[in-house]
Amino acid sequence: MLKRAAAIGLHAILIIGLIGFFGFRGNISRSEAAESSIAASAYSPRFTGELEHGVTIRVLENDTAIQQGYFEELIDAFNAAYAEQGIKAVDANMDQYLDLENDGPYGYGPDVLYQANDVLMKYVDGNHILALPPDALEAWEQIPASAWEAYQAQGGIYGVPVNIQAPVLYYRSDMIPDNWRDEWDGDKNGVPDMLESWGAMYRFSRGIREGNPAAYGYMKSLWDPYFALGYLFSYGGYIFGEDTYDIGLSAGDAAIGAGVIRQLASVMNEDCIDDTVTKNGYAKLASGEYFAVMTTPDVYTLFTKEFNLAGTPVDNLGVAAVPALPADGDLSGPGAELIPFKVMGGVNGYAVSSYTKAPNACLAFVNFASGYDMMLRRNALLGIVPARADAASEAGGLSEMVNKKLADNEIVIMPSVRALAQVWTPAGTLFSDIAKDPYRPQGEMKYTEAAAFQEGLEKAGQQIYDAIHTLQ
Amino acid sequence: MTKKLRIKPAATADAVITYTVLIAVSFLFLFPCLWLVLASFSGSGSIYSFSGFFPGSFSLSSFGALFTDTAMYNYPKWFMNTLFIAVMSCIIGSVLVLLTAYVMSRFKFKGRKALMRGTLVLGMYPSFMGMIAVYLLMTQFGMVNTHWGLILIYSAGAPMGYMVQKGFFDTIPYAVDEAARIDGASSLTVFLRINLPLSLPIIVYTSLSAFTWPWSDFILPKLLLKQKDLYTVAVGLMSLGETEFARFAAGSVFIGVPIVILYFCLSKFLVSGLTAGAVKG
Amino acid sequence: MLSAIKHGNRKVLLSMFLMGLGQLLYGQIAKGIIFLLIQAMGLWFFIGFGAKAIYGFFSLGALVADPSVGLAGDNSVVMLITGIFAFIMLGLYIACYISNVKGAYNTQLREGCGLPPARFITELKDMADGGFHKSALFLPVIGVCVFNILPIVYMILIAFTDYGGDIVPPALVSWTGLSSFARIISLGQFAPTFSKILQWNALWAIMSTAINYMCGLGLALLLNKPCVKGKTFWRAFPVLAYAVPGFITLIGFKFMFSYGGPINQMITEAGGRAVGFLDLDAKWTARLIGLLVNAWIAIPSSMLLATGILSNMDNSLYESATIDGAGAWKRFKSITLPFVLFATMPVLITQFIGNFNNFGIFYFLRGGLYIDGYFLASDTDLLINWLYNLSIDNNYYSIGAAISLIIFAITSAVALAVYMLSPSYRQEEMFK
């Protein structure tokens, strides 16, 4: 019996010994590797300046750029320019909203990514994207510092701004009354008032509704925090202050901004409470049911498509910077002093994945794609606002306006922190609550006085705080 | 004679009620499907130009776009990918689940009840929590971006749902097995020759559900397929732009077609269970 | 196994030392070689991969990766999962080892009775007969172990680490014991939300299971009536609903009930006010719509199942009952219902579980809301949606895993109790 137990014991010792020995040895070789790692510097040492030869880089672009044919032009031009070096750029053929944090470490991500700044900067924490050498960035001089700021972290630059995303107004220029110079140009500056002031827009919208119950002036899915947060910012609110412990939705006179949202909701219909307007805005602007909607510059082509389908001349589609707000927040009032509408914006751009095998070739691609010619082409095909000052001033119009707003600090760039993801649901719930209020029966309205707005904002701020910190 | 006359009105009333209910139920099920089908023929492409439930103008353009405009959204390719995954998972998964259910129903081995309780408990675990682990596992097996990886997961997960089939096998009388066993048939033979042919309805049910799960699943392929040309229809449709509802609807209609065809092919087996004679025999 | 240790002979002892040796000495060449191969593969696996994986399971990594300088470090979560995988392989190895020793001892016993060692062919044949259950269950069990149990074990273990928040790879995760549970218990907002959601979740699971089951059965019975002509045709309507993937159905219904949807359009055209069927004030309408939409999705499949089961019912019982003059309701109550209930009790439980953990329905219909009085949840959210908000949305994996473990413990205890009290578990032979 002893012998047989010993035999089993011996077998067990063999296996345990193997596991112990080889497990330990595997660990030793790991620690040795650690000592040979290189000290970090302001930018990744992998940017040696020497182009890799015979490599293919996979580029992630956004769907609109691919659909409109811009991306094909871009890689064709790049591949022609770099044919001698044997560098080839291809479509990564992946989801535009992919998460590099999930895909990259296992080898399934792209080499170069085009995404929004809050998404890209999320990758910095885990070193999933490379810090770029500023000297080697050809667009360095041309892109304003405020745009670069969106890509700065830990003393490094992690991306190249390509376009500025900020809310703009799309409207039907043919629906502005013919006599607007007399009736709707109080300051006689040659620009219709409803495009300059939310007060005038509110009064104009109410006029349209009273004339025809099936027609609307300004329409927007008001619950959408990306757009609605701007009203809070304009009166002193903010998302994060020093750090994510300081949440400032109710700071300053932000409650006044929340009141503006409720007033705007009252000249719309219930569609503003959910996503309906966001989705039907394109078609209803084309059909003339809506006078104006607010959205980002990069969806321009969706509007032109709907205008063509509806048989409305595209000339009737106007795009303008967002109007200004009355300082007292009373849209129906006689017209208080105007303050700028601070909107939330973002900067989309290119970044280089840490998991690429050819960082220098990727950098060459980023430089090529953010060059003057490609930027102008991008603007022409996609209607986006170039971040390059020279391209923006050449493109003129909207691009110039948005760039000016950015320079004047009237665009609050989305914070590039991970915790931002926790803001959307609490804020969205609050804004849909406010938007719904005018449509509640008289006795059930929640937001009839300023204190109610303040309380709502504080509650939403607390929810954001809870979401970020209670479980930390 | 008088008796017959008295029954007739009752039977007629019964039939009238039955058919009224049937028509009402059929309408309830048909209406949303009809809405989807008609939306796919919408002329404008946008869902918001409808007045009431249905589009104002009709055209075939969304179907045309679905199969010709493939640069960005390669629907035919997605369709073939999905078909491959669903057919393979259906075959492998059905075999595994039928085997499991049969064994659990007919063999009284040690640890059987523990196994039954164990699977029940495992089913209670919220599955999406495990998704993170499944993804990590597949990266280690090198099976991300492969269709076989998905087939493996669907097939391996199928036996967890053996309860339905076991319940069916439990109702097949033992007498049938025992007769065959006396003739010297092995367990495998009894299963293949005696029990399976008696189980056509549940085989049909099993294969239908083993087919529809991968066919319409969205979460797993989204997790494991990174390349757009490997997408399944469900993932592909969800990546369509928000203004392309008609195309979305057209794509959805095409997802439904194979399942309806499968149903019509298999429906006669669905009700061809045991006849009274076979039970008593 | 114990008696093998007590009474095994030299050949068994050799098998204990090295798998397959005893079998070879008994002249069972094929079996011996297979066990030797398993032995070799086992050693190769542990040397090449298993040892490191098991070591990593405990350490969860020591070297932080920095992909920006090309330094591949340790990925804690991968180490955890490969560690579990290696443990499963170790278990499989031990199972092989035991079956090897047992096999050798069996041969010794046969020898004692004067029987020759079993031939390989005979043993293969036995796998299709007496040992049928083992061979048939082998693949399903392996599959379930790797793709169902392993992920669950992984998530359970995550509850005992600090994974989540800022600690996601390449940062290193470490074992923290019970601190996640301590944090949940100390959190004042947690308990009220948990109990509120649990109540609604239980109500939802019971209601939706009952509705889907009874309607499915009713529909199947209706279609089984002799007076219904063209059964395939009538049955095709629910199948249409079955053919549309769930997520498309949900998107479709959400649109129909939205403010700009056709239902509200008709209401406003008729002069009414738009109704917020699913908006933030619509607690009970949203819940009701959820139940109905879920019924629309689930009834077809429960009808198909009931149809299949009904076709297996012994009609002679029914006929004799008819002759005895039993009415339709009595026949249903005393013959059909017990039969169907018996055959589908396990299904009922699986459906109940499925409904209890129904993630999609309110995620698609009414996601993205935090309602007053709930901690990061809305009043239609089920536990699983809340869990999603906490863990995936907010990235707190270890907290999410701890909460899901608590929910899992409660729900599985209840389900297990119901299951073990059910007649189909206690008296499986009732209809045989």
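In this document, chain identifiers A, B and C correspond to the written order of the chains, with residue numbering beginning at 1 in each.
Following the convention adopted for this analysis, a contact is a pair of C-beta atoms (placed from the backbone, for glycine too) under 8 Å apart; a residue touches a chain by one contact, two chains touch by 3 or more.
Please read these numbers as outputs of a predicted model, since none were measured by experiment.
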item: Partner chains shared by subunit B and subunit C (touch criterion as defined above); value: A
item: Pair of chains with maximal C-beta contact number; value: B-C
item: Separation of subunit B from subunit C, taking each centre as the mean of its C-alpha atoms, in whole Å; value: 17
item: Geometric centre distance via CA averages, subunit B-subunit A, whole Å; value: 40
item: Shared interface positions of subunit C, touching two or more other chains; value: 260
item: Residues of subunit B touching at least two other chains; value: 47-48, 139
item: Multi-chain contact residues (two or more partners), subunit A; value: 276, 279-280
item: Residue ranges of subunit A in contact with subunit C within the complex; value: 1, 3-5, 7-8, 10-11, 15, 18-24, 26-27, 30-31, 33-34, 37-38, 40, 44-46, 101, 104-105, 125-131, 269-271, 273-277, 279-280, 354-355, 418, 421-422, 424-426, 428-429, 432-433, 436, 439-440, 459, 463, 466-468, 470-472
item: Partner subunit B, residues of subunit C touching it in the complex; value: 77-78, 81-82, 85, 125, 128-130, 132-134, 136-137, 139-140, 143-144, 146-152, 154-155, 219, 222-223, 225, 227-228, 231-232, 234-249, 252-253, 255-256, 260, 262, 265-266, 269, 296, 300-301, 304-305, 307-309, 311-316, 339, 342-347, 349-350, 353, 356-357, 359, 383-384, 387-388, 391-392, 397, 400-401, 404, 407-408, 411-412, 415-416, 419-420, 424-425, 428-429, 431-432
item: Complex contact set, residues of subunit A against subunit B; value: 63, 66-67, 93-95, 98, 102-103, 106, 108, 276, 278-280, 282-284, 287, 302, 305-306, 309-310
item: List of subunit B residues in touch with subunit A within their complex; value: 44-49, 71-72, 135, 139, 144-145, 226-229, 239, 241-243
item: Subunit B to subunit C touching residues, read off their complex; value: 11, 14-15, 18-19, 21-22, 25-26, 28-30, 32-33, 35-36, 47-48, 50-53, 96-97, 99-100, 102-103, 105, 107, 109, 116-117, 119-134, 136-137, 139-140, 152-153, 155-157, 159-161, 163-164, 166-168, 170-175, 186-188, 191, 201-202, 204-205, 208-209, 212, 215-216, 218, 234, 237-238, 252, 255-257, 259-260, 263-264, 267-268, 270-274, 276, 279-280
